[in-house]
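What follows is a pair of complexes built around chain A, which joins chain B in one and chain C in the other.
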Partner chain A sequence: MSSVIEINAVERTFRDFWLRPTVKAVKGVSFKVEKGEVFGLLGPNGSGKSTTIKMLLGLLSPSKGGVKLFGFDPRALAARRKVGYLPELSYLHPFLTARETLLYYAGLCDLPRAEAKKRAQELLKMVGLEKEASRPVSGFSKGMARRVALAASLIGRPELLILDEPTSGLDPVSTKEVKTLIKALQKKGMTILMTSHLLADAEDVCDRVVILNHGEVAAEGEISQLGSSLEEFFLSKVGNADDFVLADFLA
Partner chain B sequence: MPMTSFWQIFSLEFKGLWRTKTLAILLIAALVWMLTADKVVSGDGTIEGAKEMYLKFSLGGVFAITLIASVFAATASIAKERAEKRLQLTMVRPVRYSIIAIAKTAAITFAGFMVLAFATAIAVLRVDTSDICYHVVSPILESPRAEAERMYRSYMEDPNTPEYIKRAKKSLVVRILTQRALDHFETIDSGETGKWKFSIPSSYGAKDIAAQIRFTNLYDMRSSVFGVFTLGDRSGSVSNITQSILSVKLSGSDESFSGEHELKFENRGSAAVMLRNRKDVHLLIPADARFYNLIRSLIQLTSILSFVVALSMFLGASLSRPVATFVAILMLLITEMSPSVIEQYPDELETKLVDRVGLYMTRLAEKVTRPLSSLNPLEALSRGECVEFSDTLEASAVNFILVPSIFALLSALALAAKKEP
Partner chain C sequence: MLISEPLSLLLLGLALLTTTLSSAFHYHQFGEPTRLARDASVSAVLVFTIIFAAFGAIKTFRREIESGTAALALSHAVSRRAFYFAKSIGILLSMILFSSAIMFNATTIVNGARLGGELAKGSGDIARLYGPSFLVSIVVFLMPLVLSALLNRFARFRFTLSAFLMTCAFSALSLAFRFDAEVAYSVTKTCLLAFLPAMIVGSVASAASALLKSNFAGAIVAIAIGAMLPIMINFTRLAAPFEAMIGALVMIAAVTLIGVELFNKRDLL
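On to the complex of A and B.
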């Protein structure tokens, strides 16, 4: 059986208007994510995490190499049907209410109307926004908007959940709840790929991690087999990176 | 199922227009203009003239506002969502990119339709729309191009034709002659008879029939016309000294008829009558009430809107928002202005290279956009001419289905190629 995510020697070069190469954001990255895993994609700013995620979602095409989701091209409808995505910022439509936001994405995932309503209600309850369901999201705090976006990523019952900085903007209590939720979703058989700059978060929930640095895989391994704390391991791999914001990692 | 995605995106776009007050502002603007247009523009003093001016300028004004607002909304729709990264959350769902473009096009077109329908409803309440509109039948003539080609051949064979004309490029001479053929005058001297052949479609079920002469010269009027029109066993007299448009009822038979017939005009006045065969002589056959024509006009205007929105959506998918809006507005201006530029600047002015290049580009733009600009039914409708069902059907098929589908596919390609800012 094929892996849920298969990235093979992927490169991505950005070009200017005249098609001259400007930045090589990803250089020959390869890794696989198996069903039921919580996989961490870690690295300092500018390491190629976001570009890799965009290629996984079909939002960018690789310049070289191949990306497969469930054995399909990420742009194929069959692949997109199985994926839920939480971006780094929430990007919600400000004129919709929380419930309407969930129903909109449920409709895009082809959920029947009655099931969509039921699912939206469940998810609103799960993220603690049941009472705020009819309020336009433009009036929500960053944390509340984040919770709506998280619920929206789960509305289509995805088999693979891609979380870009899932705890960004959340208070400590909500952060803990999200981590508990990730583990609960894993128990239900969901595969999760997450990025985080908070190594403690990754250490708490990830089974395996890949550390990217300057667009290349600096290290890959299971958390349990690192032999040291993730923080120490990380610093040993990318500690000299000038653009690495140490304060963020140690926060 | 694509329909579910379609309705979701359609509904999102429409809610956006409603909740950001864009649609409400347009509806209020339409209401204000429809209630005040007759105070701003005035007709020739007659009730019919006032009605003509009101319908032309009130609905025309609302259409112009709606068109421009729709261009802004359509170019912003995809481009703004992409710039604000909201679009990626739709694009990672199992939705075809063409569905995104077509649903957004449909939503903005529907919002525009609401504004136009609101304005049409006000027009129906404000003017009498029970009067009858007329099918307008033009004489059977060779095409202006064919006439120009014939004239060109005779010029070339004529030994008196100046050498510089014989040496000139054929396409240039034929174009000038084509322009002249459109305005080709026929002079009917006193005591003489002018004749024109008409083909009357059987679908018109013609019983009542009228001959119409238009004097579309600089001052829109003629000093005197006296004579008799004859069409088969029907005839009607004309005696006029002031009006620029004469409609003469032809009476004599109650039988309905169709097919080819010859209209004759015997000039019994003392002065010659000059008429442009292609523009000034028509037969009028009663159609249905103006109300139904207003409805068909509404559909036709909405179809133009659909075309423009689909094009703007494609521009928004391909370019950034400000560039897309600029290009779309520029294209609208060219569509609107190119026919009058071509009419006002004759070829004689094409002596400078810059004039020649400018006119060449304007002609090209006019040629490309003619199918769209010629669709606007308001001018004919305000004159009491019928908005033909076949024209409405054709405009609907092309502009509601064909054009948006093509632009949706192009938008999908643009979205796939330009996914991230």
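On to the complex of A and C.
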């Protein structure tokens, strides 16, 4: 049986208007994510995490190498039908209410209207926004918008959930709730790929991680095999804490 | 949604005001009040629909791409072709709604000019705009604003969306005021010839906005095409509406297909 995600020697070079290479964001990255795993894609800023995720979603094409999602090309609708995506920033249409946002994404997932309404109601309750369902999302706080985006990523009952910084902008209680939710979704058989700057979050929920640095895989393995502290292991792979950029990132 | 944008309502309001007031302030009509009112209306349809098309395309495509909502939508089981077509059709439908509202209001005003001319013939007076028609046109502009404000205050309806839709509805209802089929046909035919080049601008602006990486570049392309319009207008006025429509639809289809194929290949950051 094929893996849920299969990334094989993927490279991505960005070019300027004259097609001159400007930056090689991803350099020969390979990893696999198996069904039912919670997989962490970790790395400092600019390490190529978001570029890798965008190639996984078919938004960017790899310059070299191959990406497979459920055995299909990421642009294939059959693959994307099984995917839920929570972007790093909560991209929402400001004129829509929380309920309309969920119904809009339910429509993109081809959910029948009656089921979409029921599902939207369940998810709004789950993320604690039942009472705010009729308010336009432009008036929401960052944390509330994040919860709407999380609900939107789950509306199509995906088999694979891609979470880009899922706890970004959330308070400690909501962060805990998200981590509990990730574990609960895993128990239901969902595969989850998440990126996080917060190593403690990754340590709490991930089964396996890949650490990217300067677009390359610096380390890969099960959390339990990476030593007593993920943070120490991470620092040993991507640099030391005296590095200003990294210290700033960790702060 | 494009018609929820405050600027859409503002443009529609300005277009209706221009149509109504330009007819009312035609002092030197040289005995042709109807033709002058019709020409002013055609100019309003052309100019404001072009601005609306360029603004709509840039808002719809660039904003979706820059804000990341396009990437989020395309991370679902939605093909890029379907996304592009849906957005383009949305822009064209909004343009039809927008220009129809101006056209219906223009029909009322042109009919008012005709009635004023007839009254003047009987009295030997200088032809003026028929007052009740002018009042109907003002009501078409003001009443939706008042009703939408009340709906927003008491029922939390969205002001801009409801005002836009109500303006279109009131504009259509204004046709019932002393309806004249001949005037309606004449205005529709002329406005259609102005609307077709605007639709072409809309599809070019859509493609430019979806493919170019800055609002500025998209706007420049749309304006450059807009600058060519006087030539196109002179051409389309010579043509019969049916032939002009076929020609315009072919051009729109060609531009849309090119846009779709290029959008299908581009990276979304």
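The working rule: the second predicted complex is superposed on the first by the 239 of 251 C-alpha atoms of A that agree within 3 Å, B and C clash if a C-alpha of one lies under 4 Å from a C-alpha of the other, contacts with A are read in each partner's own complex, and residues count from 1 in each chain.
Throughout what follows, a residue touches a chain if its C-beta (ideal position, glycine included) is under 8 Å from a C-beta of that chain, and two chains touch if they have at least 3 such contacts.
Worth saying up front: this structure is predicted, and the values here are computed from it rather than measured.
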{"item": "Clash-or-fit label for the pair chain B, chain C on chain A", "value": "clash"}
{"item": "Which superposed partner A:150 touches (first chain B, second chain C, both, neither)", "value": "neither"}
{"item": "Touched partner set for A:120, first chain B, second chain C, both or neither", "value": "neither"}
{"item": "Touched partner set for A:26, first chain B, second chain C, both or neither", "value": "neither"}
{"item": "Partner chain in contact with A:192 - chain B first, chain C second, else both or neither", "value": "neither"}
{"item": "Identified clashing stretch of chain B versus chain C [151-159, 259-267, 331-339 or 349-357]", "value": "331-339"}
{"item": "Residues of chain A at both interfaces, chain B in one complex, chain C in the other", "value": "54, 57-60, 77, 80-81, 83, 85, 87, 89, 91-93, 95, 105, 108-110, 152, 156"}
{"item": "Contact footprint of chain A on chain C as seen in their complex", "value": "1, 4, 67-69, 71-79, 156, 158, 267-269"}
{"item": "Of all residues in chain A, those that touch chain C in their complex", "value": "54, 57-61, 77, 80-81, 83, 85, 87, 89, 91-93, 95, 105, 108-110, 134, 152, 156, 162"}
{"item": "Of chain B, residues touching chain A in the complex", "value": "1, 4-5, 7-9, 11-12, 15-16, 19-20, 84-86, 88-96, 416, 419-420"}
{"item": "Residue ranges of chain A touching chain B (in the complex, touch as defined)", "value": "54, 57-60, 75, 77, 80-81, 83, 85, 87, 89, 91-93, 95-96, 100, 104-105, 107-110, 152, 156"}
